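Pasting the structures in now, so scroll down.
Shared between the two complexes below is chain A, which has chain B as its partner in the first and chain C in the second.
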Partner chain A sequence: MDAILLQILNGLDKGSAYALIALGLTLIFGTLGVVNFAHGALFMIGAFCAVTMQRLFGLSFETVDPDKTDFLGNPLKVKTPYLESWFGPEVGGALIDWSVPLAILLAIPVMLIIGYVMERGLIKHFYKRPHADQILVTFGLAIVLQELIKHYYGANPIQTPAPEALAGVAQLLPGVVYPIWRIVYFCFAVLIIGAVFAFLQFTTFGMVVRAGMADRETVGLLGIDIDKRFTLMFGMAAAVAGLAGVMYGPINAPNYHMGMDFLVLSFVVVVVGGMGSLPGAVAAGFLLGILESFASTTWATTTIPGINQIIIYLVAIIILLTRPRGLMGRKGVME
Partner chain B sequence: MFGLDKKDGTLLIIVAILTMCAPFILNPFPADSAMAQFNAGYPDLMQRFVIFGIFAIGFNILFGLTGYLSFGHAAFLGVGSYSAVWMFKLLSMNILPAIILSVIIAGLFALVIGFVSLRRSGIYFSILTLAFAQMSFALAYSVLTPITNGETGLQVTLDDPRILGMSATADGSIPVTNLFGLEMRAAYDMAVGPWSFTFSAGYYVCAVILLIAFYLSIRIFRSPFGMMLRAIKSNQTRMNYTGLNPKPYTLAAFVISGMYAGLAGGLLAAMDPLAGAERMQWTASGEVVLMTILGGAGTLIGPVLGAGMIKYFENIFSKINEATLHGWFDFLPEPLENATVWVLEHFVGAGWHLTLGVIFMLVVIFLPGGLVEGGQRIGRLFGRKKAATKAAETKPAE
Partner chain C sequence: MSKTDLTRRGVLRSGAIGGAGLALPTIFTASSASAFTNEPTGDTVTLGFNVPQTGPYADEGADELRAYELAVEHLNGGGDGGMLNTFSSKALEGSGILGKKVEYVTGDTQTKSDAARASAKSMIEKDGAIMITGGSSSGVAVAVQGLCQEAGVIFMAGLTHSNDTTGKDKKANGFRHFFNAYMSAAALAPVLKNLYGEDRKAYHLTADYTWGWTQQESIAAATEAMGWETVENVLTPLAATDFSSYIAPVLNSGADVLVLNHYGGNMVNSLTNAVQFGLRNKEVNGKNFEIVVPLFSRLMARGAGENIKGIVGSTNWHWSLQDEGSKAFVKSFGTKYGFPPSQAAHTCYVQTLLYADAVQRAGSFNPCDVAAALEGFEFDGMGNGPTLYRAADHQCFKDVLVVKGKENPTSEFDLLEVVEVTPAAQVTYPPDHPMFAGGQLGSCNPGA
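Take a look at the complex of A and B:
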């Protein structure tokens, strides 16, 4: 029983990342009709926002601590982070611990701007061109972003530890311990997904966007500047991917190819959920996460060797062949 | 000539001359000069040019001609490599049976994947091929270890039970791949003054195969079958209404392109008898997409040009480092020199992927017909026969 609970938790956790990326991806597809192969790169940029913040706050210079000496009696140099020397050890130390939450604050405007620039500068010119061209140009962009990150941060994974208070494990039930940060990640994902849905459901802006998703032309004929709203939605989708990345850092050390790794998986998630369907993307994300988690158990891998590696693709292939619109896709979307 | 019209015949002859004289053309600088690092005429790289050229020619038949964007073609390359290495291990070090087997196995593999994937089109087809390729990659990496040797990769070893030929040579080393006794590694160095040209047996075998592959692709392009593929690309619905079933044609195109990929994989293994799972990763499929688009999808010569360009970038541009750049720009005043080098160093050496990505984006945005269209535009700019060339030009991909 505990084992099953643990697998479900693991699955929800993997699924959180899938769901968040797929949500943004399908938001872009649903509003703009663009297949964005650079979405994984946006996720990666989010993760590197966290790296940047941690570096910024971790920056330190050496000072001589008069109270400490080595065994020969020479004064000892200690490393003091800037923040500690500026704000004192208590405030400064606490601030370092806050680098991930602060990275979230940084990531939101950064991602919105990147999304806005991307849509206005590049994607806009590709609405009328075939999907293959959209895939190709965003694939090129993904390579460029990936290489820039590699150039500035190096090819090795960079550890971004979770804030100290959230770094340990928690006892959920007797006998079931689980890393706190992963629980935080799941809650965060639920929060973001809820916020996006609430935004689309309960605001006038969201209503107009939904109307635009259903019938762009009519909304345009009503005198509403739908393009402007869609651009903002692109920025929002980028921000969702970025936030997923910021919070993902402590789970797996960010590296320059994490975007490409997640891209394929998130496309599979989008297709399984149904292209353009927001609830579908979220449901498929969590579902595939849980499936993958159960497929990784020793029981599953001994019964069918390698099942943990291929389960997601297998599901995707079966879904695509039997129900190409996906679990919750609308009929007729690119069938 | 060979059933080609005059224009295609000329193209084939030009390609033949270029490939046969490649050791001269790619080695324009004297061996000990500063520019020698731009020489691409060493056997290893030349073989890559033509092998990936073959890969891209095959991919072009599916993507450029039929309009199906596959993101999983690296799987066939990998399968081809594995089959070739197994042939070396079990039968003989002769490359001919190995290559034949890799083409057949890759073709069968493509038949299965194509049969399933082609039930969908557009983005769904891309995702399906991607999923199949990632699955093959994951399996080759883990479960199929008895066949693929997992992450170490498959190699020929000293105790291979080779049916024809010996397991190890008299002096106890692994025999070299050969074509009826002609060793692939054999090379002849010709020194002309300060220049040095290398003629390698392996390269010429690959080059001849490239010519055959290229000739076949011209024939496919000009055949009624090729016409049908074009029709599928331009409007499949309309084709359905005329009562034609496009499925057998697309499947044939898929299998043919898969066999080309298998041939390329087999040749890679023939030149260097090892195969690894990373050859099947989806980024490797992305590479052949880049090659085809960069050169010009849907054109005859484009994919070969694209393959050559990417491999040149990968091997030559990546060798330029900061010191080299400082050497080039030391005539500038110091701050200006540093600034120039600082900008350029992002784009060379380890950053060559960045250059590639930028060029690729520019091509997709401004030159949808790739380098070939670029060449045509320049040609039209200076040429006199405007109307005449326009009628005969190859239609670039849309």
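Take a look at the complex of A and C:
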């Protein structure tokens, strides 16, 4: 029973990342009709916003410790972060410790700008081109972004630890513990998903966007600049992916190919949920996350060897064969 | 009246003789132009450095490339000479190899067997590389070693730890200075026994490819021999990034040790996940729960950050060693690049010098002469004490280090501390050991 609970929690956690990325993908597909293969790279850039924040907070000056020597036998240079020298070790240290959650403040404007520039500078020229062209250009962009990150940050994973207060485990039931940060990540994902839905549902801006998703031309004829709103939605989708990346850092150390690792799975999530369906993307994200977790248990892998590697694709095949539009897709899309 | 005697056998015999006769001039032309693949005829000789320049091991590959460039510099008489000054063989004088200036070309393995073979093939066929070296994965090493055997050039393996490289997949043209999974296990087991006792239950997570399989087999055999029980071995996909689903079952498995047969990014993530789930603070069967990572590297330790503290593993070499060879290499590398070399850099640098030395001693670039000079070669001054390049399988036997993640590092490089230097004799095994059985060294191929 404990094991089942743990796998459900793990699944919800994996599903949180899938759902957040898939949500952004669906927003872009639903509004602009663009299949954005660079979306995983946006997730990665978010994670590297946290890395950057951590490095900014860790900027330090060097003082020589004459009593110790470095690897070449020279006097050892000891680093003291500026934050610690300005605010004292307690306040300065605490700021450095909280650099990952604080990176959200950096990531929101950065991701909005990246999304805006990406859409205005590149994507808009491909609206009327076939999906294959869109995939090629966005995939190319993803590779460029990935290589840029590798060039500046290296190929090795970079640890971005959670604040110490959120780094341990929580006792959920007698004998059942679960990492606090993973619970935080799940709650954060639910919050972001809820905020996006509320924004689309309860604001005039969201209402117009939804109307535009249903019938772009009619909304345009009413004198509304729907293109501008869709561009903002692109920026918002980028910000959702970026925030998912920022908070994901303490779960697995960011590296330059993390975007690609998530991209294909997230596309499967989108297709299973139903192309263009926001609730479908979220539901499929959590569903596939949980299934993947259970497929990785020893019982599953010994019963059906390799099931952990194919489960998501297997489920996708079954769902698409029986319901081509996906779980919550509109009739006529993919059918 | 002429008599013809046409029989089937006669025609075949005549055809064979005629064909051989026609082919004869070609054979002579070929052998007179070149006695072996890429025989250097000018005043330079080209070496091929095949390292991961992209992909998950790109940082390791970059360090390997730095070491190769340093080795070439030293071979050509530049810099401070590094380990040429401490190497027990004095055949090399810093005037290139056999008087020819050393040049090099590089290839990108991408940590993919196909890409590695393609780049090695290109370096041999287009650039005229006479020796290929490098790599950062056993899958790549085995693939490139096979290609070099077919092409008739020497392969001096870089970082490859699978038993298979000098076991079932060994080749006459391939040589490995790096240690292997069996040696890691043989060095680790006594230390684990001292630290954690004889009565332990181990749960293994294993990367699902040649290295992971032989690593798990080796460490399970060594720990079971001292009394540990292997509770479970779960194979994890190489592409896995989140190991939480694999870690969660460990909590209720009754195991009190988790062995992570993972490397690179896999190890960084699985160790991070294990620490997240509180395994390091857990008590099972009345004992502290322990995590073991059989193969360590400093670059990996940097990726794992704080999580590596107190974790025990093995390594081929570490920059903090105080023998003359290690000190000379660290000084040379550290002065040039500003940070200490990794074990990957060390093994690649040493392999280059060993190849050059073998050519010099053999007095020929012919791969068969070079192989003969390397087989059974005993040397010292290269960082791991006296070392033997065993003739039977082309595996080096030398001291193995058991290391532990340092609790209080003084710098970003000072991450591991050496807890034991296991003597070579303790990690040596017979060439026909079951874990290395199944392949044949075959005979040397000079190509051409």
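Here is the rule we use: the second predicted complex is superposed on the first by the 315 of 335 C-alpha atoms of A that agree within 3 Å, B and C clash if a C-alpha of one lies under 4 Å from a C-alpha of the other, contacts with A are read in each partner's own complex, and residues count from 1 in each chain.
Going forward, contacts are C-beta pairs under 8 Å (C-beta built on N, C-alpha and C of every residue); 3 or more make two chains touch, one makes a residue touch a chain.
These figures come from a predicted structure and were not determined experimentally.
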### Query
Fit or clash for chain B plus chain C once both are placed on chain A?
clash
### Query
So, does A:Trp181 touch the first partner chain B, the second partner chain C, both, or neither?
second
### Query
What is the contact status of A:Val264 with respect to chain B (first) and chain C (second): first, second, both, or neither?
first
### Task
For A:Gln309, decide between first (touching chain B), second (touching chain C), both and neither.
both
### Task
In the overlay, answer first, second, both or neither for which of chain B and chain C A:Ile158 touches.
second
### Query
Can A:Ile251 be said to touch chain B (first), chain C (second), both, or neither?
second
### Message
Per the contact definition in the header, classify A:Ala132: touching chain B only (first), chain C only (second), both, or neither.
### Response
first
### Task
Examine A:Trp86 and indicate which partner it touches, taking first as chain B and second as chain C; both and neither are also allowed.
neither
### Task
Using the touch definition from the top, say if A:Phe205 reaches chain B (first), chain C (second), both or neither.
neither
### Query
Which of these chain B stretches, 165-173, 201-209, 363-371 or 381-389, gets into chain C when the structures are overlaid?
165-173
### Message
On chain A, which stretch or stretches are contacted by chain B in one complex as well as by chain C in the other?
### Response
150, 309
## Note on the structure
Given the complex, residues on chain A that touch chain C span 2-3, 6-7, 10-11, 13-14, 68, 70-72, 76, 150, 154-159, 161, 168-169, 177-179, 181-182, 251-253, 255, 257-258, 261, 292-294, 296-298, 301, 308-309
### chain B-facing residues of chain A, complex
35, 122, 125, 130-133, 135-137, 139-141, 143-144, 146-148, 150-151, 260, 264, 267-268, 271, 275, 305-306, 309-310, 313-314, 316-317, 320-321, 324, 334
### Query
Inside the complex, what are the residues of chain C that reach chain A?
54-59, 62, 232, 234-235, 237, 239, 241-242, 244-246, 248-249, 251-252, 265, 268-269, 272-273, 276-278, 299, 302-307, 319-320, 330-331, 334-335, 339-340, 410-411, 413-414
### Query
Can you list the chain B residues touching chain A in their complex?
67, 69, 116, 119-120, 122-124, 126-128, 130-132, 134-135, 138-139, 141-144, 282-283, 286, 289, 293, 346, 350-351, 353-354, 356-358, 360-361, 364-365, 368, 398
